[in-house]
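Note that chain A is present in both complexes that follow, paired respectively with chain B and with chain C.
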Partner chain A sequence: MSKMLGASVFQLVLLLCISPLISGIIKTLKARLQTRRGPGIFQPYRDLNKLLRKQMVIPETASWIFAAAPIMVFATSVLVGLLVPMITADAPLSLFGGVLAVIYLLGLGRFFLALGALDAGSSFGGLGSSREMTISALAEPAMMLAIFTVALSASSTNLSEVVRGAIGQSWRFLAPSQMLAFAALFIVLIAETGRIPVDNPATHLELTMIHEAMILEYSGPYLALIEWGAAVKQLILMTLLINIFYPFGLSLQWNAASLAIGCGSYLLKLVILAVLIVLVETTNAKMRLFRVPELLSVAFVLGALALISTFLF
Partner chain B sequence: MLEGLTAALIANGWVAVLLAYAAGSLGSLLCVRTPFLGRLLSTGLGVAGGLLQVLVSLATILEGNTVGWSVPSGVPLLDIGLRLDPLSAIFTLALGAVAIAVSIYSFGYTSGLTARRLAILGFFFNLEFLGLSLVFTASNAFFFLIAWEVMALAAYCLVSFEHHHEATRDAGILFFVMSHVGTGFLIVGFLVLHSMTGSLEFANFHVVPTPLQYGALFSLFLFGFGVKAGIVPLHIWLPAAHPVAPSNVSAVMSGIVVKTGIYGLFRVYFDFLGKPPQWAALVILAVGVSSGLLGVLYALIETDLKRLLAYSTIENVGIILMGMGASLFFSSISKPELAALALVGALAHIVNHAMFKTLLFLGAGSVLHGTRTRDIERMGGLLRRMPATAFLFLVGAVAISGFPPLNGFVGEWFTYQAFLAGFGSTVSLTKLVFPVAGALLALTGALAATTFVKAFGISFLALPRSRESEHAHESHWTMLLGMAVPALSCVALGVGATWLIPGLDSVTGQLLGVRSSARFVVSHGVVLNSGALRGGTVSMPMIAVLLILLSFTATLIGLAGFRRANRRTGPAWDCGLPGLTAENEYTATAFSKPLRMIFAALYQPKREIQQQFDVSPYYPKSVLFESEVEQTFESRLYKPLKDKLLQRANRLRAIQAGSIHAYLAYIFLTLVVLLLFGARP
Partner chain C sequence: MYFYQDPQFGERMITLMAALVLVLQIAMVGQRWLVTNIRVFAAQSFLLACIANTIAYYNHAPHIYIAAALTLLVKVVFVPILMERLVAKIEIRQEIEPLINVPVSILIAGGLTMVGYVVAESFYHPKEGTSPATLGHNTLAVAISLFLIGFFMMINRRKALTQVLALLSLENGLFLAAISLTYGMPLIVELGVFFDLLVATMVLGILVYRIRETFDSMDVSQLRRLRG
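Coming up: the complex of A and B.
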């Protein structure tokens, strides 16, 4: 019990501390690839710090839903973070919810964010809300197929079991089914975190924005909660991807040495995945909104192929 | 000794339930001169009957025993037989809870009616509850059909209650016709069973049919019960009847009447017909998947709040049938443990759907009461004007979207687990069916969430879009109390799922012969388990507790910066135009536009835009926009069928000459032909 509590607190701190850093790394790397200097990898911390001190402006038309949305986004993201194995194969609370709980809890956060966006009554909020719900709905089947593929070998939706299963077969990540499932989940990750080519996190152009349109009316601490929650969500999805498919270095015991190895390898894998995301972001142009379903159907087909190839290999 | 005592208590309790509903029904008619007393009597006895029904059903489920008795009537083959077994009790439990909620709600909801109409409504309402109670417990096919007709006719009268509108009359007739086509199939089905067993008692219907007989019985009952359950493509009466019925009626129709179809399917496929062939299970699974997906896709683009909820009922029936199909499949390949897993998913969703759909329809009724409109495009800003209704509706919206820790998640979770186990433990290529079904269930769930973001967000948030919603008022407290009952149940059935799921043991025991709650609930009863040793786990109470704790923390962070004035209000961004008005808001149609374009192949959307402008096309003086979506099933399937039928009927008019002698001759000829048939040995 106390071990569970300790692990939870440890992971909670890690989650909240690292997530802005990863956003900062992605931003800076992207700037460097575009031959800009970039804001530096610690900029997200400074942003959060500043936002938390700012006074916030609440739209006159808004109700309590407007305030509930950032709280729910933050709470669900952090809760999901405790269900996912980060540096130890056993997530602190993995018994309390597997991958289905992860998907549906993130959905709960999105549900409230979409409502919060509608609450202010401006067209932008509605636009963002409608697009976000559309894209996430279309990403769902691809995600489920890929998850079926990985959950199968462990015959469990419990993430710690899935990860343990992956550790047991050390060369499994080379299997075609795993690679296809990785590709499918990578596309889902791009869509869910609102990155190019699905959404551009750096723009406020009304024709293209999705996530930014939803949070246009937010300011001050509420905006900080949303940004922080979004960073945590991004970290969780990245963690899922690297730990399910490449569980190297995950610590199996609770001692200093293996934890240190776990931390080191985890950060290394995160940075590699971040580089991959940055490469995709820099080499692609943002898609038209109605091309995004095609991308997501590619993800669906990849997921289906992954499943079928579990028969063959 | 003790068991005998409980059995006697349950039996007497059940009779008391029936008497309460009957008394409520008649009392309402007798008190036509004292409307207040009549209203009190009919709703009060509805609540009393419902409470007792919940208790009796719970006792039956927990005890796991079957109580039945039978009284011969004078009519051959007709025994007035009642039997309350765990399967029936699941449905009567939901019925009792819905009866409580709807009866409390009706007290306030019907206050504006004239004495005569009030008496009629109270009469049919309690008659409907009585009919439903009998349908779920009849143990003789003849008696079952009588109860079925009582239920259907009372429902017809309730749907047509506001018969001064033409739309209501049309919808009522559609319901009437569809319902009786379904009953026709049922009668044939029961006659086939009678010819096989020589009896009309349910207890004697446990047959081992040949493949051909199975096919015949399977399809007859699928059509017969499928009409009531609202499976696609037999669903068209639902979106027609629900919006025009009074909202308390819609709640009962969607919450329970639709479930009678599901009950029938469970009774026949699990109880009567024994081990199913694989194809039958796959058919049910396919029907479930297509109903789920098509139901939610039509709900998504709907702008009539009650029609939206009706389509969403079709979706949820689909989800129930997915679990049922998976369960039948596992029975067919002799894996009863997995069949129990899928069955638990379906059963949980039956009760859960009854709760949140009742809540949402009552909420829609409250909105309709406050704004006099069902059109989402004319609502907006209702959260400020009807805060309690809005909150309760939100609970229902979160629950139906399947988000933890509310109850919608539980059934879907078990269904996913069953799909996963199904893929892992079958060998043939059919196992690919399961991940595909799982993916489509995920799509269905996500689209449902989108639908309810729209339904709640456009109706209740931001600025009012019409005068009606500007002057909306909160409903009477009894209506709110009536909504609070299912809302609390949604929370309790979700958070408490780990303690409630073991109760389903008696049903899985009855239908499949396995009791596996010990494997479904682990860790001192706080964690749900998929049944396997290292299977999937989820803990609803812990998720609820953690979510509350973390929300509290987030609230504290949100209040940071308290040192200065933390917040001020200001106008929302209006693009530099003078002030934000309701015309700036996104509409429900706009909200679903991306998905309408993506699924254009299904919707076949047509639109027409007319613009008038003076100088530049960028500044139109007036814009006329019309958009229409094809109701594929109505126009492609039912309309040709109806036209054909009318055409044939017209030809038959030749023999309808209007001469009574000719008619007498027809009757005589028919009699002779029938006698010739009957005379054959």
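Coming up: the complex of A and C.
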């Protein structure tokens, strides 16, 4: 029991500390690739620190939902973070839920964010919510199919079991089903974290923004909570991607040496994935909103093919 | 014995490349730009040549190397250059306008892949063990899917040039089926097929150019109109 508590606290701290860093790394790398100097990799920490100490402006029309939304976004993200194996194969709260809990807790957070955006009463909020919901409705089945592909070969939807199963088979990540599922989940990651072919995280142009449109009315600590929650969510999705498909170096025991190896390899894999995301973001132009379903239907078909090919190959 | 001499490893690589070929075929269905489409076709053919090489290596069938080299020469280098020149010459609009919109096309392509798998399943009778003879048996499913999706692309597209492209990717499926099932047809047959393909591409290229000259469009649905 105390071990579970310790593991939870450890992972919680890790989750909250690393997530802004990863956002910072992505931003800096992107700036460098565009031959700008860009902010330092610790800029998100400074932003969060500043936002947390600022005064809030709350719209007159807002009800309690406006205040509940940031807390729900943050809480669901953190809770999901404890369900996903990060540096040990055992997630602290893996007894309480598996893949389905992960997907739908994230869905709950998104639902509250959309409600909060509507509650603020500005037209941008409604616009952002409707776009976000459209995209997530299309991304969700693709994500389910991709994760079920992996869950199928472990015959469990519990993420710790899935990861343990994956460690056993050394060449498994070369199997076509795994590659297809990885590609599908990668597209979902891009869509869910609002990265460039789908959404531009650095824009406030009303024609194109999705995530930014929803949080336009938020300020101060609420904005900090949402931004932090979004960073944690991004970290969770990246963790899912690297640990399910490439579980190298995950520690299976609780001792200092294997934890250190786990930490090191986890960070290395995260940075590699971040570089991949940055490359995708710099080499692509943002899609028109009506083209986004095409991209997500590709993800869906890839996920479906992955699932079929586990039965046949 | 090195790890790459293990037939298991070869099997894995072939399966992986076959899956990538399939993904590229679906990418071709979803792709809107003509030039990108031609390049995706070139990449697909390159992977095909790699598969042929791998099969040749593990089955000690040197004549497949020649087929692979021909694939590389004709389908990866010659045909794409020819088609890109044609595109530049006739100055058509770059965008492909499929009859069915892209998301539905992609879903149909996914469905056709499933049909391909179901059909291939009936051909597959698991034999004793994993002797090198069973190498790449599961590429048959991919080959049939390539074939079906190629047919679908031909139906789905209006412009003559994109239909030629679809025909070529369909032929890729045939080639894949031939090398994965029989470990290569006799060399003379392969040579015949390649020259056939080359001539077909050139003739079709000229034909496309003429259609464009006569009708001011490559839309084949306009070919119904008679002109004296």
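Everything below uses one rule, namely that the second predicted complex is superposed on the first by the 313 of 313 C-alpha atoms of A that agree within 3 Å, B and C clash if a C-alpha of one lies under 4 Å from a C-alpha of the other, contacts with A are read in each partner's own complex, and residues count from 1 in each chain.
Just so we're on the same page, contacts are C-beta pairs under 8 Å (C-beta built on N, C-alpha and C of every residue); 3 or more make two chains touch, one makes a residue touch a chain.
Only a predicted model underlies this, so the values are computations on that prediction, with no experimental measurement involved.
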{"item": "First, second, both or neither for A:S19, with chain B first and chain C second", "value": "neither"}
{"item": "First, second, both or neither for A:P176, with chain B first and chain C second", "value": "second"}
{"item": "Touching partner for A:I308 - first (chain B), second (chain C), both, neither", "value": "both"}
{"item": "Touching partner for A:L289 - first (chain B), second (chain C), both, neither", "value": "first"}
{"item": "Contacts of A:S265 with chain B and chain C, given as first, second, both or neither", "value": "neither"}
{"item": "Which superposed partner A:V298 touches (first chain B, second chain C, both, neither)", "value": "second"}
{"item": "Partner chain in contact with A:F124 - chain B first, chain C second, else both or neither", "value": "first"}
{"item": "Chain touching more of chain A, residue-wise (chain B, chain C)", "value": "B"}
{"item": "Touching partner for A:T88 - first (chain B), second (chain C), both, neither", "value": "neither"}
{"item": "Common interface positions of chain A, toward chain B and toward chain C", "value": "293, 300, 304, 308"}
{"item": "Chain A contact footprint on chain C (complex, rising order)", "value": "12-13, 15-16, 18-20, 22-23, 26-27, 30, 102-103, 106-107, 109-110, 113-114, 117, 121, 138, 141"}
{"item": "Complex contacts: residues of chain A adjacent to chain C", "value": "171, 174-176, 179-180, 183, 293-294, 297-298, 300-302, 304-305, 308-309, 312-313"}
{"item": "Chain B residues touching chain A - in the complex, by the definition given at the top", "value": "381, 383-384, 398, 401-404, 409, 413, 416-417, 419-421, 423-424, 432, 435-436, 438-443, 445-447, 449-450, 452-453, 456-458, 461-463, 523, 527, 530, 532, 534-539, 542-543, 546-547, 550-551, 553-555, 557-561, 564-575, 580, 582, 584-586, 590-595, 597-598"}
{"item": "For the chain A and chain B complex, residues of the former touching the latter", "value": "52-65, 67, 70-72, 74-76, 78-79, 82, 93-101, 103-105, 107-108, 110-111, 114-115, 118-127, 129-131, 133-134, 136-138, 140-145, 148, 151-152, 154-158, 161, 216-217, 220-222, 224-225, 289-290, 293, 300, 303-304, 307-308"}
